[in-house]
Amino acid sequence: MAITAGIDVGSGAVKVAVMNMDDCREQLAAHYLERIRRRDVMEVVEESLAAALREAGLRRDQLDYIATTGDGDVIPWRTGHFYGMTTHSRGALFLAPEARAAVDIGALHTRAMRFDPSGRVLQYQMTSQCASGSGQFLENISRYLGISIDEIGPLSLSATNPEKCSSICAVLAETDVINMVSRGISTPDILRGIHNSMALRVAGLLRAIKVEGTILLTGGLARDTGLAAAIADKLKEGGGANVSLATHELSVQAGAIGAAIWGAFRHHKLARQQEAARGGT
Amino acid sequence: MDCFVGIDLGSTTTKAVIVDTRGRIVGRGITNSRSNYDVAAQVARNEAFTNARFDMLGRALREEGGLGDAGPAFEAALAAAYRHECFLGQLQRLENHCRRDLESDRYTHDRRAMGHALEVILAGIRHDAAAVYGGGTAARSDFFRDLAGASYTEHAAHVAREGGPAFDRLVGLFDRNIIPVENEPETRGFAQLLRSALDRVPLSLAQRRDAVAGLLARVAEADLREVSAVGTGYGRVRLPFPKENIRSEILCHGLGAHLMFPRTRTVLDIGGQDTKAIQVDEHGVVTSFQMNDRCAAGCGRYLGYIADEMNIGLHELGPLALGARRRIKINSTCTVFAGAEFRDRLAAGQAREDIVAGLHRAIILRAMSLLARSGGIRNEFTFTGGVGRNQAAVKALHEVAQDNYGSLTINIAPDSIYTGAIGAATFALQGSARN
Amino acid sequence: MSLAAPEAPAAAGPLAELVGRATRLYEDLDLKAVSDWKAGDASRRAIGFLPVYVPREVIHAAGALPVGIMGGGDQIEIVRGDSYFQSYICHLPRSVIELAVSGRLNALDGFVFPSICDVIRNLSGMFKVLTADKWVHYLDLPQNFDRDGGGTFYRHELATIASGVSALTGIEVTDERLRASIRLYNDNRRALAELQALRVQSPWLVPATEYYLLLRASYLLPPESHTAMVRDYMRHSRDARRNAQDNIRVMVRGAFCEQPPLGLLRTLERAGCYLVDDDFVLGARFIPEPLPEDGDPWQALIDGFLYRSLPTASKYDVNATKEADIVRRARDVRADGVLLIAPSFCDPALLDQPMLARALEKAGIPCTSFKYAEDTGQFQVIREQAGTFADAIKLWGTT
Amino acid sequence: MTAAVKDLSQDRQKQMISAHYARLARAKEDGRKVVYTFVPGNLTELLNNLGLLPVLPEINALQSGMRGKTGDYIHIAEKAGHSEDVCTYVKADIGMLKSGNIGPTGEPLPKPDLLLLSYTGCFTFLKWFELLKREYDCPVVMLHVPYQGDGRITEPMRRYVAGQLRDVVIPALETLAGRRVDYDLLRQQLALSARAEDDLVWVLQSARHRPSPIDAYFGGVYYIGPIFTAFRGTTDAVEYYQLLRDEIRQRLKGGLGPVTPEGTLQEEKYRIVVEGPPNWTSFREFWRMFYGEGAVVVASSYTKVGGLYDRGFRHDPSRPLETLADYCMGCYTNLNLPDRIALLEKYINDYAADGFLINSVKSCNSFSAGQLLILRELEKRTGRSGGFIESDLVDPRYFSAANIKNRLESYFQMVEAKRART
């Protein structure tokens, strides 16, 4: 029996998950997400953890392990830290037990990972120091188009004639978009065009790690149904008959959930070690 | 008067310049390119003609207006009133679009609240504009989008705080409807706008209104004949000009810099999305050049993202950076990541000013690599493009150039953003002289 | 995964002092150490060399100090170096050129560019143009590893270097002098081998950055001073009673030329990896074992290169043994995993990676790969990759 | 089009090449052995002498590029773990291999019986065959060709290469072929090589005329085809170059400019020297950016990668091994940088060029590292305008048409403006 918290500090938002773990059951007791929006990150972390604990009806001192992930290693009072791809894989497995791969599309980076049934990361790929196809980019575009983030997905899905967006660079793509607007291309067609070009990259990452079976979309952009559809299409085009893409309403929490689960795992291991040590004396 | 027009269709701004038969600059116009290129070119051109008429007006007033010491003040007030008039026209069009938009299904639930909020916000903007054009406060930018946008955001935030509709929703309304506004040029002519403007000039200054009315009418009707036009810049191929009237922006920038500073040998232009390093000879002929491609890292837009991240105006960024105390080295110049880099460093406890100064230096270092590739910096060195308006970038440029190329004369003209357009206008003049 | 363990206490006393000295040498891009050494005697000469396979013994025997050139790392701003290289060429040559055009290499009297890739090769020609007043030699290494074929050719190359340096110093390379140099470098080889053994045994005693700084010091110091430094370090580090952390053991391959910034090494350790073997600063140790100290010293050097030098992607792999080699080595140093890291745009290292990765995979040794540049400033992505790699090994363990 | 005569040589070349591919396709049935080897420093005479059939992976890669296949091939190679950063010829080849090794004629290429790694002027070749070795598991024979580091071929270098030919390469080829090299035949072959080389040089030098009857880059890459590929030292090659020479002589007589895909170029506005390989994926488009502006390439270094003959080197039948060694060491990319600069400078002057242009390809460090210094030095020494564009050989992602067009236009306008002043 262990109660653990996972804190995923991202560049766009802080996610917290509280897990109730015993030998045969992993149960999500509470979760919370707070966007950072130019505030002090530590403040947001404290607030979010408090909110999640409130929801779970727990006190902080009842936590057996506080696990961080993402940029969470700056948190001084953490028990341990796990890296993003470790936690997203485990979180994905929790949300979709049949998944054998996950793509995490966050504000800045995209990561694709393949894992085994125990959540062990077998292979991964990550984008580097270029923002083309990142969440941040999509956010900028949507701002220019005057739509809110939640509208992106549904609008993109209603596209009839997606416009090709050719620029590799997110900044130059923005100019492309501006041009599209002035040429009278509809917002859905523009969005879907962007989604298609993002999907191409994501599909590339996925193919690079040779995924098969179910892939869970995690991270903030998992909520973007338009992007999900575009990725699914691209995977199909690439001849991936045996891959399928899934999302989950809690996808954005995958990192935090994974961290909490690994925290419990470590907690048990440490406890056993201690016991063994005590037994030995 | 015979006019020769140069249009520089940049990625961020579109500039138009008019020169007369002697090559003297008589008009300048600038607008946002964030809209239809044709419209942008048209708007910039109209503005340049307006500016040319004001130029004529100024001379006429000085020579025969009989206003004495009150002359300059009257002229300035009239110009401000003219801009105010244009602004209000655009604001009206924005209001129309917003109101039409509010009829859509999107607002079924909060139409009334939104309509009410819009009214409050617009009143606020009008109030702000009166202060700006009345000479009360400094303008944040030359462009309607930025000016009205900043004012709109501010009032929207206030409305939201007071229990009105959510901030995001209000800003969304603006973002959606500003686009068509930018695509609609002003329909009123110069004479009409000038008449309305004259009505706005405070009485004390306008006492001689009747005396100058004739003069104004004459200027408004003066025949400005566009003999030929040359287009250049990022979007030049979209211009409806014959091929021989389209010039590479490299040549135009080289020539433009040479015209402003005849001893120029090296030109650096940092625009919104591209950076160019150009070497010219003693006649202003380009001998070598380099420009960035495919990646817009370290261009003017980079500063735009930072300003957005900090929620301040572009022109406030430079002064902020000048307050830096420590030098910070910043490696990533991906424009889109600039905001994240800023946040990271803030979180790591670095000072705002220092970070912003580091970001400026990063831009300059990136430009240095292009410069180096084009053949280094030779005396005299002219810095053009929008980023030339940013003092911190200029300071960093001075430092790095001094450290690596020794003492140099570095030219930065108030007109530097028009460099390409000046070159283009001069090409237009030369071209028609040859024919 | 990293437990919230307190950072190892900052070393104090003689160890800190020694590491401080090595750090200063590392930061000495103006080659002050070389100027100081030359100031000791007006006839002294120093020869710069680039990675990897340069027979320092020959330069030393001709009475000159061999000085390794490793670029400017992340310590200099590249202002003019970029005018010589396109963006898709690795970073090392541009910072080397930056050092040269900014006068930081003035203390050197000549340069040797060994043949390891087209970039270094062409750089030799650029130096011929840019530093026309200095002796610049391109050292063509045989890719034919036959004593009569490649060996004879290499003997001629060594003689060319010897006479080139001798012309500067006025000291002829006799067999006796060459044997003496070999002896000095042999002693250095022994010291470095001991250090490597210590690191394999107790990696926490030899943090990656310190190991690295020590190696770099050999690029500026005369061999005997460096040997002493290495031995002092081992003594002090044992005395410092450093504690082991919950880290995995990794071996690094592919970084033989352009060097990763120190920050990257720190990042790897922070992400939970002990480096138990690597190929940084390989020019200081490309022949790991002592060479014969009697007999024909030239032949000793020739055989040293032909038969005993460490492999890199730049050396032709005649018998296709690189796969077997890397697996054996990983097992020898008891590595939990291998990091295949390479400088961006480094054709040799990057073209090697798929072959090595496949072999490691087959052998069941976890490996991961990523790229860096000497001036990489952001380690977030690397940290995450290395961290995930370490997590996977720690959570499931191979040991 | 005035090119009725022109078609003759072109047809001839087409026939030769398709006959070669047909031979390759039948190689296994005919019991002939296949050797993969590279263009620079190729030992075609030796292979022919022993009845071995050469396959040149670089040529396959460029052909795939022209046929628009390399985008996919490169993708496949990158999926297999190859970096985005490395030479795209290698990746195109590996991608092609993994897609069934279908050659340009649509028939599969035979597997190699031997990889002949004569590695002139580029280290990537070495890696390339290390990679292929792991795919094919056939023997590799290495001929290490030293670089002209000091700008000349020394006696020890020559002995080293000739020695390797004698002791390593020839024995291995003989074992494979099951027969000995026929030295009399080899001498005849080398004499034929020299004859074709004479004509090739004559053709390339015809560009000294104004207007130039040829384009020494876009046309040049076709002219060098037969020597580069499998034909040096054959009567086929000799006849081809005779035909070509006659055709060019006709053009000269008629005062005609070079042939372009859209007919004879009417007005020669700019005479340009080009350094660096062309782009193959958008070859036509790239070419059009030149002739569309009236630019003619009068000399290029790329047409010298398979052998540099205009400084006087000819294959010499009297000393077969040494002459092959000299040939290998004399290819353009084996020249050191000062020598490359000197050669280009000479071209600019000899061919009375208005300027020079460097097409810097991402793939090829051998060519590209140092090109910016070449640019500076040439500008300084010749006073002519230099231009610099970046693209790639066969990676379509690195050919940004709008960008290159922008640069070329600016460049030509710059040359024009400069000319107007002087």
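Points worth noting:
Labels A, B, C and D are assigned to the chains in the order they are written; within every chain, residues are numbered from 1.
Heads up, the rule we're going with is that a contact is a pair of C-beta atoms (placed from the backbone, for glycine too) under 8 Å apart; a residue touches a chain by one contact, two chains touch by 3 or more.
The shown structure was predicted, so the numbers you read here are calculated from the model rather than taken from an experiment.
By the count of C-beta pairs in contact, the leading chain pair is C-D. In this assembly, the C-alpha centroid of chain C lies 36 Å from the C-alpha centroid of chain D. Rounded to whole angstrom, the centroid-to-centroid distance between chain A and chain D, based on C-alpha atoms, equals 49 Å. We define each chain's centre as the mean of its Cα atoms; on that basis chain B and chain C are separated by 52 Å.
The residues of chain C that reach two or more other chains are 83, 378, listed in rising order. Multi-chain contact residues of chain B (touching two or more other chains): 294, 332, 373, 375. Within chain A, contacts with two or more other chains are made by residues 129. Chain contact topology: the protein chains form a complete graph, every chain touching every other one.
Across the interface of their complex, chain B is touched by residues 11, 36, 38, 40-41, 74, 107-108, 129-131, 134, 136-137, 140, 143-148, 168-172, 175, 178-179, 181-183 of chain A.
Taken in their complex, chain C has these residues touching chain B: 74, 77-83, 102, 375-378.
Residues 1-4, 271, 378, 381, 383-385, 387-388, 390-392, 395-396 of chain C touch chain A in their complex. By the touch criterion given at the top, residues 207-208 of chain A touch chain D in their complex.
Those residues of chain B that touch chain C in the shared complex are 329-332, 365, 368-376, 400, 403-404.
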